[in-house]
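In what follows, structures are represented as structure tokens.
One chain, chain A, links the two complexes that follow: it is found with chain B in the first and with chain C in the second.
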Partner chain A sequence: MAEVELRRVSKAYGATEVVRDLSLEIKDGEFLTLLGASGSGKTTCLRMVAGFVIPDSGQVMLGGRDATRLPAWRRNTGMVFQSYALFPHLSVAENVAYGLTVRRTPKPEIAARVAEVLRLVRLEEFKDRKPAQLSGGQKQRVALARAVAIRPEVLLLDEPLSALDLKLRGELQAEIRRIQQTLGITTLFVTHDQGEALGISDRVAVMREGKILQVDTPVALYQRPASSYVANFVGTTNFIDGIVLDQNGPFRIGHARDQTQVFTAIAGENGPSFAKGEPCLLCIRPENVRLGAMHPNRIEAKVIHVTYGGQHWVADCDRADGGIMTLNLPAQSGIPKPGEVVTLSWAAEHGVLLKIEDRSHGA
Partner chain B sequence: MALKRAWGFLLLPALAVLAAAFLMPLANLGMKSLHLFAGPGREQPGLTLENYIAFLEDPFNWGLLGWTSLLGLLVVGISLVLGLPVAYFLARTKTRWRPVLFLLVIAPMLVSVVIRNLGWIPILSESGVVNSLLIALGLVSQPLKLFNNLAGVVIGLVHAFLPFLILTLATVIQRIDPQIEEASINLGAGPFETFCRVVLPLTRPGLIAGSLIVFTLAVSAYTTPAVMGGGRVLVMSTYVQQQIGTLLDYATGATVAIVLLVWGAFLSILALRFSKAEA
Partner chain C sequence: MIGRLGLRVAVALVFLFMIAPILSVMVWSFSGGRLFVFPPSAWTLKWYGSIPPAFLAALKVSLLTAIGATVVGVAVGVPAALALVRGALPFSRALSAICLSPLMVPGLVIGVASFQFMNVIFDVFRLSLLESVPGLILGHAAFTVPFVIRAVIAGQVQYDAAIEEAALSLGATPLRAFFTVTLPMLAPAVASGAIFAFLMSFDDVPVALFVGGGSATTLPVLILNSVQFNFSPDILALCSIVAGAIVLLVALCSRLFGLDKFTGPSHS
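Let's turn to the complex of A and B:
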């Protein structure tokens, strides 16, 4: 167990830069998730830590040592693949023992460790089966057991749940977290599923086009996104174009079309600073928007449709400025009819101010 | 179903040709092995198994069978050592020249056996390329005899049958998920250890089938032992030719030929069984 660090790493395949001058630190025992759309370079970063990809420039630090040039088989990382990649010719126990066998660990110690790890993933009674005789979830647990059996410095998981069905995914997510906590193992997890990332991690790094946009705790990431891309990628968001009028405690924002319409808002944590008169983007989460005028920030909108989402209703409304406002309504509450013109409102601390430049990258 | 039957009818001419070209001479050979020798080119009337009994009772024949099989094993062993790395490379390479590489591998199969063997003369003879090189490098002082002897036969047979082995192995290796190898490397096994612990066991069906194919082809080959051995290497196939072609003893020649055929057929069936059971 150790801290892991990528220091200004870059990687290009031909003319395409897949990872660009990226730095990332994972603390000892931390569960960090790389979250990003497909093709954003998550796997490449993970494989740099494992040693399967050598960065063109920059350093990979494992436990404080420079491992950039260390071959993959000398690195002591434990990797879990999306396709499980179990050894089909070996039994479950032999799969789990593999890393210890190649380390020439004494036989009794191997047996003890295999038993211990299989108990951890609750697969003791399957130890003599071949991988072909296991279900998808069981295979993934064997893969996990095999990776942690060598007591790696860092556990690497590349979309380990995406081949499983929804229910199993939830179970295994909890299982991975439990095992990670039990062992206190430094973990780098890769996923494109924001729900998964928020639910399992200590911190989440949002990646886009080979760069990290923001690293934060799930709560901070959701409540204080630093860019519209993050706001959009993590959960659903409403945007309003605005102009900064002044800052006096919270910011005062004028609507871009009609500056007499004024909103109050706060900036994202460690977010950028704003100049007076600067165009900006106001971001409000659907669950913070209320039907009715109970909050100081208000906007008129016409209901398009209301859909039932189980825990709540989801209402999409047309705004006068052409934008759409989505809000969640409690399941027990009365719901507006399509076509109805309503007043929507939200509190100042629920309006997060963002720079305008990357608006085009939203959605 | 009807379509299938129609196709079946289309096969008839080919089947007729095959029957005429292979089954009739084979039946003829089988009949010859059931008559006793009665002087050059003649045979006694009356069917008998005497020839087979005589074959089994003569230690010389057992020696010949054993020796031929040993030669087959040697060819298989050398082919495996040479073929495995090539097959692995062909299966895993991402170069766009792959089709060309495959063509290069099967090139020996496209050349007539006689030409293929004669091509070795300038390479293996006492003043040939190999010997000149070895002497120039100071590795040997006298030229090695690599031709008209066992060495020549082994070289010729390996050259002829290596492509079968490489193609069989490459097909099997291609089906192994490369991530399985990565998993092994990630767990601390170096590339060679990964090859031994993961790739080899998973290639087993191909190893068995490919080895049996090469063995069967090697023990039944005639032209290569005859040409590359310079008439000095006696294996079952050259022995048959000697009996029939030189001594006109059809009975003995046919008997040995049938034994070789049965031995080869037995191994081929075994090969099929293994490749089916493990695929």
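Let's turn to the complex of A and C:
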């Protein structure tokens, strides 16, 4: 077990910079997830830690040692791939033993360790099977067992669940987390699925275009996104364009189109600072919006449609300013009809205030 | 139901049609009566005892040539295929087209070309390859190498580079990963390429006609000659032995390397 650190690493392929001056620290025993859209550079970062990509500049630190130029086979990392990448000509037990055999571990110890990790992934009775005789979920558990059998300093998983169907994904996600906790192993996990990232990680780093936008616990990331991109990428969010009217005490925000319409919001501890008159973006999660005027921040909207989401109804409403307001309604509650004009409201602490830096969320 | 039954009957008929000539050769090789009467009026094993020594000598030439040409095919073809698929070579498409082109050239052309080539070699190096087993091997390499290349390239289509990376991340050096992971994974493809290369070399007439002859007459060439001039049932006996041996060889390799998996649908 060890801590992992990327220090100001960059990587370009031809003229395109895929990773740009990126720094990231994973603590000993921590489960950190790189979350980002496809092509944002997650895999490249993970492969830097594995030793398959050498950064153009910057350093890769493994357990406090500079490993930037150490070849992959001299690093002690366990890797799990989306495609499982099991050795097709070897049995399950031989697959798991591979890394130990390579290390010239004594035979009895190999046998004991293989049995131990196969028990950990609950595949003891499959040890003599060939990979072709396993289901997708079983294959990935073998891959996981093979990776942890060598007691790596860091476990690297690149979209390990993406090839599995939804139900299996949930099960294996829990399994990976359980094994990671049992072994206390430092883990770097890569996914484009925000639900997966929030559910499995100690901390999540959101990546975009080769940079890390925010690293935070899942709760902080969801409740206090630091940018509109993160707010939009992690969960669903409503955005309102505003102008800061008063930044002392709780923020007072005027609607950008109509400053007589005023909202209040509370800045986070490490939230951005604003000047009076500065344009800003107010974002409110759908589950914090209420039907009716029970909260001080209110907006009128016309219901477009209401869809059933199992645990709750999801209502999309048109606002007078052209934006859309999405809210969740309890499954048991009455629901408004399409076309109905309703008042929506939310509490001040549920309004998150963001700088206007990019408009790519499309609000 | 009827559709499936019909399909099975059709498949069986096609199969019978393909295998009937070989079966009839085998049956007639045991015929003690007049030749080419079906069914034979009497049975005997005598033809198997009277295979002329010239045929056995030609069989030896053919076997040595086929083994040599297969070894050359694998030794050159496997690295070439790996380089073509994974070497990130410039113009790799054009290169692989060039490497595979001998498969499209008629054997007769390869025969003439080999003949000319070996004359040039003799003129320049005073090295006589014509009418020798090494010459035959060299001539046959023109199609055994591309055959192995094609098989190995096809085998790598369903090949995942992450598998090798997995070996490296587990601590295997690139050399070790190549020998413990890459090669065993390619074994079915190499085996299938090698078997077909062997059979093509063993079966070849045009190249052997130009390059062989004299002290290096191959079995197919000798059989061709004797069928023309003095046909005798002992040839049928020899052909039956060869056919049987080849069936055994293919079955054995299929058992060893799982060729069925290689040629059948993907199992990953």
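What to note about this one:
Everything below uses one rule, namely that the second predicted complex is superposed on the first by the 358 of 363 C-alpha atoms of A that agree within 3 Å, B and C clash if a C-alpha of one lies under 4 Å from a C-alpha of the other, contacts with A are read in each partner's own complex, and residues count from 1 in each chain.
We take it that a contact is a pair of C-beta atoms (placed from the backbone, for glycine too) under 8 Å apart; a residue touches a chain by one contact, two chains touch by 3 or more.
Computed from a prediction, not measured in an experiment: that's the story for all the values here.
After superposition onto chain A, partners chain B and chain C are found to clash with each other.
By the touch criterion defined above, A:Ala85 reaches both chain B and chain C. In the superposition on chain A, contact of A:Cys280 is made with neither chain B nor chain C. By the touch criterion defined above, A:Val234 lies against neither chain B nor chain C after alignment on the C-alpha atoms of chain A.
By the document's definition of touching, neither partner reaches A:Leu329: not chain B, not chain C.
Of the two partner chains placed around the shared chain by superposition, neither chain B nor chain C is touched by A:Leu62. In the superposed model, A:Trp73 lies in contact with both chain B and chain C.
Across the options 8-16, 134-142 or 224-232, chain B meets chain C in a clash only at 224-232, per the superposition defined above. The interface of chain A with chain B overlaps its interface with chain C at residues 50, 52, 71-79, 81, 83, 85-89, 98-99, 102-103, 146-147, 150. Chain C meets chain A in the complex at residues 160, 162-163, 165-174, 176-177, 180-181, 184-185, 187, 267-268.
Against chain C, the residues of chain A that register as touching in their complex are 50-52, 71-79, 81, 83, 85-89, 98-99, 102-103, 131-132, 143, 146-147, 150, 156. Across the interface of their complex, chain A is touched by residues 177, 179-180, 182-191, 193-194, 197-198, 201-202 of chain B. Per the touch definition, chain A reaches chain B in the complex via residues 50, 52, 71-79, 81, 83, 85-89, 98-99, 102-103, 146-147, 150.
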